[in-house]
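Here the chain labels run A, B and C in written order, and each chain numbers its own residues starting at 1.
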Amino acid sequence: MTSRLEETFYGQDFISVNQIKDRETVDELFDSAYEMEQAVAAHEVGDVLAGHAIPIIFYQPSTRTALSFLYAAKRLGAYSEAMHDMTFSSAAKGESLPDSIRAIQNVTSASAIVLRHPDDNSSQEAAYYADVPIINAGSGKREHPTQALLDLLTIHARRETLDNLKIALVGDLLYGRTVKSLALLLSRAGQNNQFTFVSAPQLRLPNEFLADLPNGTQFSQTENIQDALDADVLYMTRTQREWFEKEGKLDEYEELRAKLMLTKEMAQQMPEDSVIMHPLPRQEELRYGVDENPRAAYFDQMKYGLYMRMAILKAILVKG
Amino acid sequence: MTSRLEETFYGQDFISVNQIKDRETVDELFDSAYEMEQAVAAHEVGDVLAGHAIPIIFYQPSTRTALSFLYAAKRLGAYSEAMHDMTFSSAAKGESLPDSIRAIQNVTSASAIVLRHPDDNSSQEAAYYADVPIINAGSGKREHPTQALLDLLTIHARRETLDNLKIALVGDLLYGRTVKSLALLLSRAGQNNQFTFVSAPQLRLPNEFLADLPNGTQFSQTENIQDALDADVLYMTRTQREWFEKEGKLDEYEELRAKLMLTKEMAQQMPEDSVIMHPLPRQEELRYGVDENPRAAYFDQMKYGLYMRMAILKAILVKG
Amino acid sequence: MTSRLEETFYGQDFISVNQIKDRETVDELFDSAYEMEQAVAAHEVGDVLAGHAIPIIFYQPSTRTALSFLYAAKRLGAYSEAMHDMTFSSAAKGESLPDSIRAIQNVTSASAIVLRHPDDNSSQEAAYYADVPIINAGSGKREHPTQALLDLLTIHARRETLDNLKIALVGDLLYGRTVKSLALLLSRAGQNNQFTFVSAPQLRLPNEFLADLPNGTQFSQTENIQDALDADVLYMTRTQREWFEKEGKLDEYEELRAKLMLTKEMAQQMPEDSVIMHPLPRQEELRYGVDENPRAAYFDQMKYGLYMRMAILKAILVKG
């Protein structure tokens, strides 16, 4: 019998969280990721992807995400290499994405390609031209599906559930792709969760995004993190100074972001079993002393990223 | 009995297509490359180069060529690493090529070194100082021997012969090393082929190069690709705008390059079993619709590059 | 019984040569390094670090040191990747070293991290935040402990002793970390050695460094390399033009560095079994013809670097 995991992933591109239709798929990914955790801890030398090549190409540098995929591929036995900044390469001579994708696919005889790119539709475009699965490692302003899954895994590892949670998403919700991918995925995979979206009014989630949330999703919006300290999951992101600078509104920035910072004292007020997350890198939104709070899970997120990406690569390339 | 392949390659530098003296050597390389193709398709984990280190150092960035060698080395079991831009490294502090070559050889305990460099005599210089084989991955304006071999393999894979062919080489023939290496190799390895050199008058093959072609090589020259549409192999390259810009002749450029572009309609007029090639990256010389033509082989070239480089690395490092 | 090597290295950070307390530890490292030399020569495929990840992160580019660690890790079976210039990555967005270290540790599930950084206390800081051993691949102006050990191994391989030697250290002693690490280590591990420190008066070893040498260390200082040609080990380094340029004293520079250059003739006057060393890259301090002198050991140093780093990685990560 074909598993939901196999149906969703095997031989497929992974471009959007929307490809994950149900909780069963998520649970099967979790099971696989927890197995990966055991294998990594035991220093097992994986070979399920032996003989497969998985090039990793980034048009936006991100050391941590590139390394996460690279070591995930290596630990499963694949040949892999991270091109940390493709804008230095032939691309700089004006080569199109479709040509670069096909070139890298063929010179490596790739089984799958991991792509990060600033354009919203980059992964779709790459998938149209590639003969092998494209894995979206972050595209444009909206999608970062593997990050959403590792975030979900972190929540599950800490709380043992994806249901009946209060989730607060804080920071730059307008431009941030991480929070959007997470909200979409959790609203689909979990049940009876309540979202609080915390941001400056200028950086709220766009209305067209809110319209895409499943019917019946419970959410509220606020400008002040103080309103969200009862959350079970507090997901922090940075508010980009650049936006206010460009608009000539740096005064507003200083004032607004003060309402979006988490202090040591605020963290201590949160429910005891709550979880503080952040995709990192951070600026100053997590104040001195939060790191030492046991609720802080942002360094754990990166561990779960490795296990989840191992699970995803295996699901795409290994049948059954 | 020593094979021609072993005699030519084992333990040797590979710097110039001139090292390949006869068709037998080429045929033995082809046999090996076709075996590599099978191994790659079967996801075999090669180990003939296990325990060997093959550093790849590029003083001119070329993602695709570097990755081709890197995955060739990895797929044979070697330890390898691509230094995609050595001009960022110690070289920038003014280190000489002989010092850098010996440093990289010794810190890795290399079995061979792959080198790309803008100077014509860079590979010879490196080979003089190195204790291990140097493999030329493109040097200066004239030599790119592994590209010539992969081009030859592509022709052979499509046409099952290297003889009695009409070959048209199009574009910047003055500065392009790819076309020179290919013309030299094919004029030696094949029989009774006819070359047409298609370029702007300013960018013709230099006379000293034509003098190096074997006696009796049949060739003609033209400025217009229309004269070459009866070719069995149409090898396109780009004409560099930079040259005309530097000379203050951009008007001429626009006019000339129009005669060096292949349109969808022109491609359809070519013989049915003809092959359209290009080393990529391309600019606008392959017009809309050529990609879909079954004669187009330029993405296949890159596949054959992987197999050919695997065959070359093995021939240099494994006896017999 | 626990070996001295295990006591000193297993599960520990390696930040300073001061961690090596005695000759026994050095001898055990040498034994291990000579075994590595045999294994490398035999193209053995190591697996003692199979399943372990060792990311290599450099905030100061150094191709040769990064590659040395990279191939050391690979040859022992570890997963590894060299980030040759972290200043291009998230660090450029202002991420702190503690955050970057924990991120890279967790996304790779590292067993150890190799770090080069311009700050003197960078390795200590990283070690404070990391859960796994930090290996200092060069920090600030003072410490480069793995270089000191490979230098010692080179001396031992050539002279079969670390005692009763005349050692001359030449060049920029004020800013150079290599010479300081070597002098400290040899004054501790060897017996009855005599040091000559040869430098411009402006670039002498600082007094606080001299005070750190063990009691009874015999040394003299001079400005002229002619006074040191009776050395058993002549350790050359470059004198940095930048320092004199910054001070507006380029005239002095030309004059002073003439006294710090080794000519072919001077090298020939040295004792027959003496050893000429240099950490490379070099400028003009080794004049024409010295390379061909059998006393020259600077390319050998890099070979011993590979073996020594293999020995160090194994000592830190493998018990017993």
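Going forward, a contact is a pair of C-beta atoms (placed from the backbone, for glycine too) under 8 Å apart; a residue touches a chain by one contact, two chains touch by 3 or more.
Given the structure is predicted, the values throughout are model-derived calculations rather than measurements.
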Inset, instruction - Classify the chain contact graph as line, ring, star, complete or other. - result: complete
Legend entry - chain B on chain C, rotation in degrees - Cα superposition, rounded to nearest 5: 120
Inset, instruction - Please work out the Cα centroid separation of chain A and chain C, and write it as a whole number of Å. - result: 40
Inset, instruction - Hunt down the residues of chain B that sit against at least two other chains at once, touch-wise. - result: none
Legend entry - chain A to chain C touching residues, read off their complex: 40, 42-45, 61-65, 67-68, 70-71, 74-75, 82, 84-85, 280-283, 299-300, 302-303, 305-306
Legend entry - Complex contact set, residues of chain C against chain A: 50-53, 55, 77, 79, 81, 83, 86, 88-90, 93-95, 99-100, 102-104, 106-109, 111
